[in-house]
Structure formats: C-alpha cells, structure tokens
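Note that subunit A is present in both complexes that follow, paired respectively with subunit B and with subunit C.
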Partner chain A sequence: MIVCVAVIGHQNNPLYLQSFTEADDALKLHHIVHCSLDVVDERVNNPKKSGPTLNETFLGMLYPTENYKVYGYLTNTKVKFLMVTTDLDVKDADVRSFFRRFHAAYVDAVSNPFHVPGKKITSKAFAERVSGTRFPSPTATPRSSLEYCRKHVDSAPYKSSDDASKVSDEELKTWEAEFVKVDQATLFDVILVSISSSSLSLLVALTTLSAYGIFQLLFSEFYC
Partner chain B sequence: MIGVGKIKQYTNVLDKPLSRGRQEVSLSAFAFLFSELVQYNQTQVDNISELERRLEDAGYAVGARVLELLCHREKGNRRETRLLGILSFVHSTVWKVLFGKVADSLEKGTEHEDEYMISEKELLVNRFISVPKDMGAFNCGAFVAGIVKGVLDGAGFPAVVTAHFVPVDGQQRPRTTILIKFAEEVLRRESRLG
Partner chain C sequence: MGREVAESCIDGVIIEMVSAYCKRFYATKPELAARRIEAIGYQVGHQLIERYTVERPRFSDHLEAIKFICKDFWSELFKKQIDNLKTNHRGTFVLQDNRFRWLTRVSIDPSLDINEASLESSAVTPENKAAEATSMHLYFPCGIIRGALSNLGIPCAVSADISNLPACSFVVRVKA
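Coming up: the complex of A and B.
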C-alpha cells in the first residue's frame, strides 16, 4: 500500500507532499522522504556502474526502513518523485508504471500557465489524479465535472414540457454562472478535463468563456 | 505543431478516426495570437530592449513546459548531461515538435568557446511580421530565443540566448540566427566530464 508520494524540486524544495494514512505518523513519512533525498543525490552524483544505467529516470529502491520502502524517480529537469510504500514484495514493473502515470499527471499540472515553476503544486486535479493512481483505475474525472454532468442530466427531462423548461433554463444558467466562479487553478483543470473528454463540449465552451472573461478583466486592468 | 491544417468536423461518430491524431494548430490562429502578444507588450514598454526582454520572458515559460512535456513523451528517455546532447535535442526534437521541421543548422562559434548558433532561413513566428525601420535591429524571434532559454535552463545549462538577423549574400531577406552563450559553470562542468 502506498502511504506517501512526494514531488521535490530541483533545488530540493518540496513541491507536493501527500500522505495517505490517517495515522499521526505523517510527519515521520515526511522525514523519511527528506532522508531519501540524500540517497538520490548520492546516486545521481556517483553512479555505481557507468554506461546503460547512467542518466536513467527510474532510480529504483532507495532506502529500506523497518516498515517502509522508498522508491525514487528523477526527471530531466532534476525534479524528483519519491514514493513510500509498505508493500513487502512489489514488482519493479509495477513501480515503474506507477511513476509513469505520476509523471503524466505532473506534466499536466506543470503545463498550467498559472503555475509558477518552483512554487508548490496547488492543482486539485493533480491531487485527485494522484489519489486515483494508487489503485489501478481509468483516469479519474474531477468531481466538479461530474457534478456538472449530473446537473444537466437531471434537468434534461424538463425540456419535454414547455412551461417547466423556461424556468429550468434560467435556473440552469444561474447555476452555471455560480459553477464557473471558482479559482483559476480549478478552472484550468476543468478546461483540461473537458477538452480531453471531448463529449463535454458545452463544458468546454462555458469554461473557456469564463476564462476569457477573466482575461478581459486582467487586460482591462492593464489598459486603463 | 504550428502551421498545419484545419480541424475537420465529423458529423457522424462512426467517421471519426480512432486515434486522437497529431495535435496541430493552424498557422493563422498562432500568427494572430502572436501579433496580439507583441502589440500588447508594445503598449507596456518604452524601449526596444524592454520589449525584447518581455517576449523572451513569455518564451521562457513556454520553454520550461515544453521540456517537461517532451521528456515525458519520449520513450527510452535519458537525461542529457553533455552540451552537444542538449543542443542536438533542442535543434531537432524541440524544433520538430514546435515548428514541424528540424532547424536549418547548428554551428559552433568561432570567436568564443561558449557560443553556439542555431540558424533558420525564416523563423515561423516572423513570417507575418515586418519590423519598421525606426525599430532598428529588433527581432520578434526573441520569443523563440526565450523558448530555447527555458529549455536549456530547465535541463541545467544556464545560458544567455538572443536572436539576430544575419544578412546573407544573394538573398533579400536576412537569415535569423539564435545565438546561445553558455554560462561559465557549464563549460567548466563540460571540461570536467571530459
């Protein structure tokens, strides 16, 4: 069972730290992650064998403690991913595939134009994807998009009768207006999800309109 | 990739291709967005060098993200530690993903050890831009220089990157050269690695 994942920046600053146990030893897990950074540095600067294992992204098992094992992964930009697990026998291939999915989630989170490189990753979609990849499952849709779909499905039967439809359209519009009044990071995440699942074209239009509204607001501040 | 085709609308779900296809953006959409970017920055600054710096900063953000994305997509990925390795990565892979073709040439500077040049007959971003005479040597390729700088910085090779027009005999329009000047520590590390 994976108990903790961490993303460490290239200056060894923590960018994302998430533990999955309810116990109080979250701090202990952070400490283990911190100690494993030394092992990462050691591996990177003094490679044991030169040749094919040089400059590999997957670093393998870094650090066994009494209950946990720590695995590491290094990206091209010297960003490190660390994973602490309690599983005693875990296959290499499983860890590698976990890191590959984690890397994909990380790249999506960093591609956010509102993300400042070197600061902590505050994207909720990233957090949800990470929580979802612990158990092998298809891509997790953010909760907000699910809410949106559900609301529209519920309102669909109203469209059959004329009297009720007008009221429900307005209601829907106000609900939609409230729906997109979220912070920028969530907005971008919802745009990403809606573009990737191309059937939610209405959601794309709505969120990009809202983002356009934000841009207009920002630009108008600059122009006047 | 900029500059290829328009997106086809499929009315019937059975006609849609199974794969997602290559992600392509139309050249006109990009040219419009880029011209807006340049004009917006022009209203914010007083002089040319400030404008170049702003375009470079915009490109820097793109370059950092492009590096992350490409390193993730490439299978059998290795972290580049050598100078020539990262330069050929920029020259072929990055250029291919962004502009659809590899850059025209990669040369080592003759005067200084730490200078390298990537040349292109005509940068894609400059295709619909004509610089007025009173702006002197300003080159909107500063945006592309920023992208290269972002990629190099992210990979651990700090450098100063600029874009210049180089007149070529026998051709009306000058060639564009991206000049890359690496920092001291990069050269020291390179000589140490042997």
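Coming up: the complex of A and C.
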C-alpha cells in the first residue's frame, strides 16, 4: 500500500507531496520523505558500484523504517521522486513500473505552459493520475492468482481418466466456489490484476461472473 | 499518444511569433523583443528536455549532455542531427547545423532590398538589415538550447552565428 509520494526539485524544494492515508500521520510521512533526501544525495555522490547501474534513474530502496520502506528515483533533470510504502515484500519490477508511470504523469504536468518551473505542481489532473497509478496494488492479488493457477495445474494430470476427472472436477468446483467467496474489494482487485496481466483469461471470466453471481451456471461450460 | 500537427503549422507559428514581437509588441525596442523571444525559447527547451530524457540514464558529464542535445534532442525537434560539433574542452561548444530548418525559408539575396537602400542612410546596408532580421529568428532556438541545458544542470550562454546561410552555428559557453 503506497502511503505517500513526493516530487522534490533539484534544489531540494518540494514540488508535490501527497499522502494517501486516512490516519493523521501525514506529517510523519513528510518527515520520512525529508530524511530520505540525504540518502538520495549520498547514493548519487558516492556510487557503490560502477558499470551499468552507475547512472540509472531508479535508485532502489533508500532505507527501511519500522513500518515503511522508501524508494527513490532521480531523473536527468535532477528531480527526485520518492515513494513510501507499507508493503513488506514489494517486487523491484512493480516499483520500477510505478515510477515509470509517475514520471510520465510528471512530464505531462510540467509541460503545462502555465506551470512555473520550481513552483508546486497544482494540476488536478496530475493528482488524479497519481492516485490512479497506485491501483492495482500488486501484492495481495498476484498471490491469490498464483494459488489459482497452481491449483489448476495440479489438477490437470487427473483429467486423464473419466472417474478420476469427475472427482477432481467436483473438488475444483468447491475450491473455486470458496476462492471467489472473498469480500468485494479483493474480488475487484483480482479482476483488475487478471485484466492487466491479460494472460489469465479463465481467471478473468471466473471472477467477473462470480461478481455477477452466475458462477455456478456457467462453470460447466469451461470444462466441457 | 495524442494528436499530430503539420510541420508547416509549427514553422508558421514560429515565424509569426518572431514577426509579432519585432513589429507589433516591441516595435521600437528590438533588444526587448529579442529577450522575450529567447525567454519563450528557454521555457520551451526546459519542458522539452524533461520529456525527451525519460527512460535515459543520467549524463556523466557536460560532453554527454551536449552530445544528447546534438543527436537525440535535435532529431526529435528537427528530424536530423547536428552536423558538426566542435569544442575547445574548456567549456565552449560549437554546434553546426548545415541546413537549419527554421532558416530555410529566409531569403539570402540582398538585392531585393535595393529600393530601401536608396532611401536609408548609408550606415544601414541591405546586408545588415537582412542579417538583423534573420538573427531575430535565431533567438528562439538559442533559448531552446539554453533552457534544455539549464534543466540538465548546466548553466550556459548560447549565441548564434549566421555567416553562411542556410548553415547556422550555435555557440554554447558553459558558465563555470
């Protein structure tokens, strides 16, 4: 769950600070962002390893606190993007793709002729885009998708003989009935993930139909 | 993504902008007109470099940044690269474009101004007037280069040299 994103200009002036928590610790998040700036400077000025990672834009995890992790990204124009997240096992690729989308939104916001460089970004479209790129928050849902795929892969060998396959179909049905009996929020997250990953068409159909409550009726069609 | 615009429209807008600032807004103060046009170019360069350096690793030194301007930035703007880059390795770079797109429509024949030459004083020759009018068109690209380089963290001064049209050289002096 991304709780805070920040854009800091090249003179370490804040251009955009947005926290996404309902709790009252926005100030604490700002403080964390402020402390991470030192780490950014340190990373840039004393690179640990030379070679292909020397001048990359993505800086990686800056430092972990007790609840949060901070990731950094430095553009060519010395603008820093910082992202504070409460997830404990975020994948590198997800963070990179988040920063890529965030960079694209920032470039569009800065290309506004009425935006004064060096002043805060006041574009509502930018704020909406940033809030939008947080979803799907990719940690809870791929695990359940992975479970789903594994279950189907495990059950595939049983489809050889008729009797065994009938039994396993029943088990699969009950398992899938349980699988989609989660709360609405998770269900919609799973739908979003399956649509975005675009490779689990069965999962898409399954979750969408379950959302509309006609799962039982059409299940048999997938297997005949 | 997005929609496309014809190149001739862009060329027309830029020519008209220079003409408007020189003849209507600051008709009596050409230095102010030049500064305004250069400031417009500065902001445009500032924003464009932000867009064209996405997904690129950071530049290690000034020469890398200038080479980026010569190759990728120039080809995004004009669909060609800078033809010649010279440097004295002490902060001065000369970017030469043998056929600068925004100057290809500028007339280089001074004989068209014969009527005006006879009416004006001898101090202002047709060549001077033509050169002055042409140099007004160069403040905008100088501003673009200056804006792009300052956003990359390289403060500099950019001037243009039109000794042989339509080739054009931009002289970049990096401030220490």
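Here is the rule we go by: the second predicted complex is superposed on the first by the 135 of 224 C-alpha atoms of A that agree within 3 Å, B and C clash if a C-alpha of one lies under 4 Å from a C-alpha of the other, contacts with A are read in each partner's own complex, and residues count from 1 in each chain.
Keep in mind that, in the parts below, contacts are C-beta pairs under 8 Å (C-beta built on N, C-alpha and C of every residue); 3 or more make two chains touch, one makes a residue touch a chain.
All values reported here derive from a predicted model rather than from experimental measurement.
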Superposed partners subunit B and subunit C on subunit A - clash or fit: clash
Task: Go through the superposed model and pick first if A:Ala26 touches only subunit B, second if only subunit C, both, or neither.
output: neither
- prompt: Is A:Pro117 touching the first partner subunit B, the second partner subunit C, both, or neither of them?
  reply: both
Task: Could you look at A:Asn76 and tell me whether it touches subunit B, subunit C, both or neither (first, second, both, neither)?
output: both
Field: Which superposed partner A:Met61 touches (first subunit B, second subunit C, both, neither)
entry: neither
- request: Return first, second, both or neither, reflecting whether A:Val90 touches subunit B, subunit C, both chains, or no partner chain.
  value: neither
Message: Identify the residues of subunit A that lie in both the subunit B contact region and the subunit C contact region.
response: 10, 54-57, 74-78, 103-104, 106-107, 110-111, 113, 117
- line: Within their complex, subunit A touches subunit B through residues 10, 54-57, 74-78, 103-104, 106-107, 110-111, 113, 117, 219, 222-223
Field: subunit C-facing residues of subunit A, complex
entry: 10, 54-57, 74-78, 100, 103-104, 106-107, 110-111, 113, 117
Message: If we count contacts the way the header does, which residues on subunit B are in touch with subunit A in the complex?
response: 40, 43-44, 61, 64-65, 67-69, 71-72, 77-81, 154-156
Query: Which residues of subunit C touch subunit A in their complex?
result: 43, 46-47, 49-51, 53-60, 151-153
